[in-house]
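Below, chain A partners chain B and then partners chain C, in two separate complexes.
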Partner chain A sequence: MSTPSEAQPRERAPIPERLTLTLFVSGASPASSRAVRRLRDLCDRHCASGYDLEIVDIYQQPAMVVSRGVLAVPTLFKELPLPVRVLIGDFTDEPRVLAALGLSHPKGD
Partner chain B sequence: MNSPDAENLGERPRVQLSKSPTGINGFDEITDGGLPAGRPSLVCGPPGAGKTLFALQFLVNGVTRYAEPGVFLSFEESRAEVVANVDSLGFDLDGLERDGRLLVDALTMELQAVETGEFDLEALMVQVAWAVEKVGAKRVAIDNVEALFATFARPSVVRSELRRLFRWLKDQELTTVITGERGEGTITRHGIEEYLSDCVVVLDDRVVQDVATRRLRVVKYRGSTHGRNEYPFLIGADGLEVLPITSLGLNQQVSSERVSTGVVGLDEMLGGHGVFRDSGVLVSGSSGTGKTTLAASFADAACRRGETVLFFSFEESESQIYRNMASVGLDLAGWVERGLLRFHCERPTTRGLEDHLATMQRLIQRLAPTLVVIDPVSSLARGATAFDVSAMLMRQVYYLKSAGITAVMTLLSEQNGLEQSIMNISSLVDTSLEVVILSAFGERNRGLYVLKSRGMAHSNQIREFLLSDAGVDVVPVVVGAEGVLTGSARIAEESAERATAQGLSRESEELARAMESRRESVDAHVAALRADFAAEERLTRRLIQASEQRHEAVRLDRLAQGRRRTVKPPENEP
Partner chain C sequence: MTPGGSSRDQEIMLLENRLAVAEETLRALRAGEVDAIVMNTGQGEQRIYTLETDERPYRHLVERMSEGAALADTDGLIVYANQRLATLLGLPLERLLGRPFSDWLDESERSRFIRRLATAASGGHGEHTLRRSDGGSMPVLVGVSVTHEHDGLLRCLTVTDLSPQKAQQQEMDRLNEELTDRLAELRKLNGELDVERIRVEQAMAELQTVNEAIRGFTAAAAHDLRSPLVSIIGFSALLTKSWDTFSEEKRRTFVATINSQSQNLSTLVDDLLTSSRIEGGGLSTSPELIVLAGAIDRCLELGNRDIGSVTVSCSPDLIVRVDPHHLGRILDNYVQNAFKYGEPPVRIQATRVGDMVEVRVLDHGPGVPPDFVPRLFGKFARADTPATKAQKGTGLGLSIVRGLAEANGGLAHYEPNVPKGSCFVVELPAGERPGA
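Moving on, here comes the complex of A and B:
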């Protein structure tokens, strides 16, 4: 489901970590499905080091919604690498998503 | 003759809204029962106005008094902050949570979120629903809903989602308090009152001359009557308390027992028995007229009866009062030692009006005195408007009266702008005494009169109020040719009168003596005249006798001559 990280050459100083993501969505609504699809696509294209994505349905796991203090859907937590970042919205603003996830590389890279 | 409309008004069947009592003293009175049950209400005001407290009190009272579990959701503060903030007020939120009857949760986003596209606040709805279900809530409070506008960059989304939330709360028939920030020209900053049309309460915290005063107003209450005024409220030991001046019931039990004022002359002026036990007494006068001393006399008299007195002093320290009162023979320190008198001295400017009220109420409840002195009540007025003061006093007097406590308040009457408040206060108290300065003949003396005293015969005179080391007394003044005389003029007039009286008695004695001697001389005269007359009488009688003798002698001579003329005297001659 992701690009194998082992294949990366070791010369680049910091080894890019795998992304650990938690996404809160509201059931199987079209908007939610669309957001999930968009996020996966984006990560597949940009996340060379691979990622783990947990999807939480707010109706199925309300206690988790409460414990994480989620108000909006979709809400994405980038748990790792630290620091934790919170993204709200359906990922249509791709540059912002990439910046927030730390996936945007300088053009000449 | 009435128009049909006017007639119908009284008979139209009124469907009274079901209400949910807040348990906030005074608020339920002005709203005729509390907030609309099963509907959301908006409570708004500037920061620090008491919105959060209002919401929490509504919930805590719901749990503890009305068996309605509640949920408190904060958009502003963390759970720990909320709990800590009301801990000082004795709200044990943790305890109530452990019992499963209350739930406090913070709906704050700890981290700044990045917005990447369309979203809604369905997760918020899920959180609210989850909390409501968990405790079986009947009441919900959402504290500062407008903080949400700061969390998300899309006000239109927040607005429509809040609208959805309010509808959901209404559908669930949850009695909800939603707090919001006061806006410029609008009730709330983001205009959410548009969606909360059932009941809108505005809180205000105004600073007048460095002293904060809190106000509450019910701006809107659909389908219900409500007090429309701006009501002062305070945050005291028991939380928020509204002072609904105009709706105070006038149904307290009254006492006909009279208590001495501690001044014999004053008791006399008040029909000989002093004031009613459960009455409010106001002693007004300008500076240095002896208001405190008069109040201390009331206190001293109560202590003599073995009763407890609470003395609030806002101008003088306890030791200052001891010293000053000792100079007029009142041993207040002695009463304090015996535990009958208790002082509470504090500078009035240190805290706001409502704070003072709260402290006073708390002390009164703890000590259960039979008499309370507030000296001077006008000190509390510093920085407050006349309306505040009279509202506060109205509340205080009512409270004391219903508890059967005599309230003695002093009022400095020369303070600017207090004219109106004096009049207001005057209508609240039962007995109003005024100390005036009577200056004449190079002296200033104190005069005391009873401005009014409900329910008893009282003197209409101005009497002189005497303070000396012999004690406090009120004596009748002297009305001389120059008017009312007091002080040395009175004493002079009194002694002059005494002297005149003495003069008068000497004169009458002399007159009596003169009359006596005249009587003697008249008697002597009469005796002399009688003696003269007696002598005259004797002489006259002698003369009469002599004349008669002479007359007889003449007759006898004539007879003898007659015999000589006839030979024989006639036979039948007598």
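Moving on, here comes the complex of A and C:
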């Protein structure tokens, strides 16, 4: 498809980076459960290129809570693509979450 | 881009990020979207404050689980217990609070449990016996773990009822034991069966041998009975038919033959009767004191033996206490055998051995084949040798000798003679000369 002389067009069509997420929850408590459910649903619907979601229980992995400076639970880190974004809550406001994750694609973009 | 400008830009970006996170946190808190807040104690440890709703599912889980659960404070006193633990102990829940769990353990186990509780830094478990309020006991597994709370250590106890497992284990042990017993029993029975089978096989083999011997004996006896009878019938018929044609001398010879054959017949019938009596236990003995040397002489005379071909070594003082007819029969049989199956010179020697007198009859024939010796004194015993084949006999002689010797309190046995020949021995009870 491309030849060595066609370096420019390649840069203009970057391979979409896979969404990598880390979600901190506190066991099966209500907001945490809601957060896990909603986030999966949202990603399944909007993230066509796939995603990796790691769920960390703050009771089971306290060291990670310290290293990531988690303040309140549930907390979501969008690790990739950069920049890192932090979202807190149970993802009730879907458009806001989609925007934060870079998943809102207005038509014609 | 200068390094200084870059640094400021970065600082601004960092602050903007922190502001965004702070705003996001505040927003989520206000919206009630948060379960728990993580606080830093400032000593590198964080403490998690959970909101009321966060605990509910765990509460539910702990209350509904099939194990008893309790939290004990640093002094080991129960500060929380689930309903299940109260049920296991048979007590109302409130009676558990403020008391040490060890109160409900078997007295002998309390110190062990308290030690475990004190040292259980990383958890552990052990089997104990729970004392129920109704006086009953229950085997339990008590798990202990420690959780560090802000106001000190809390011990978490889980109590699992082991009764069903124990009952199952006991049942299995019982079944196992039963199986082992059955197996041992079966093995024993099997062994017994084997022994019995071998015994039956041996008995069958013996029966077969006896059966064959009886068949042989019947044939031999019939033959032996027939020979004298044929003689008697033949000569008596001849005399009846042609009395006049024979000379006086001839007639005398014939009658003498009839007489001697009748004697043979009589002896044979006596043998059969004696043997039958010995076997049936109906033999009666009339012991007398007999001078042995005299009895030997009489035996040799009656047997028409050439006394010169037999050497006798017997002190005239030797007295035996036996039935005289039986003694005659024994000696006669031994001497006859020595001439029939052995070879001269024949020697008779008698000696006193303790309370017994031992009489030995020795010959210089081929002797008895070693493999036949064990059966020599049995009934119908006839060794398969040229000497025996050449002689007629019912095979009763030696069995009668032994039977008579034993009936008189003696013994009869065989030894090989040295260097060749046979040595038949009879031991008889010694007697003292009357008036001696």
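What we mean here is this: the second predicted complex is superposed on the first by the 94 of 109 C-alpha atoms of A that agree within 3 Å, B and C clash if a C-alpha of one lies under 4 Å from a C-alpha of the other, contacts with A are read in each partner's own complex, and residues count from 1 in each chain.
Definition applied: contacts are C-beta pairs under 8 Å (C-beta built on N, C-alpha and C of every residue); 3 or more make two chains touch, one makes a residue touch a chain.
Computed from a prediction, not measured in an experiment: that's the story for all the values here.
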What does the overlay on chain A give for chain B and chain C, a clash or a fit? clash
After superposition on the shared chain, which partner residues are touched by A:V97: those of chain B (first), chain C (second), both, or neither? first
Contact-wise, after the overlay, does A:V65 reach chain B, chain C, both or neither (first, second, both, neither)? both
Figure out whether A:L87 sits in contact with chain B (first) or chain C (second), or with both, or with neither. both
Between chain B (first) and chain C (second), which, if any, makes contact with A:P30: first, second, both or neither? second
Determine, under the contact definition given at the top, whether A:P74 touches first (chain B), second (chain C), both, or neither. both
Superposing both complexes on chain A puts chain B into chain C at one of 116-124, 206-214 or 440-448, namely 116-124
Residues of chain A contacting chain B in one complex and chain C in the other: 26, 31, 35, 58-59, 62, 65-66, 70-74, 86-90, 92
With touch defined as at the start, can you tell me which chain A residues reach chain B in the complex? 24, 26, 31, 35, 58-59, 62-63, 65-66, 69-75, 84-93, 96-97, 99-100
Touching residues (chain side chain B, partner chain A) in the complex: 105-124, 126-127, 129-131, 148, 151-152
Contacts from chain C onto chain A in the complex sit at residues 17, 20-21, 24-25, 27-29, 31-38, 44, 46, 48, 50-51, 53-55, 57-58
In the complex, the residues of chain A that touch chain C are 25-32, 35, 58-59, 62, 65-66, 70-74, 86-90, 92
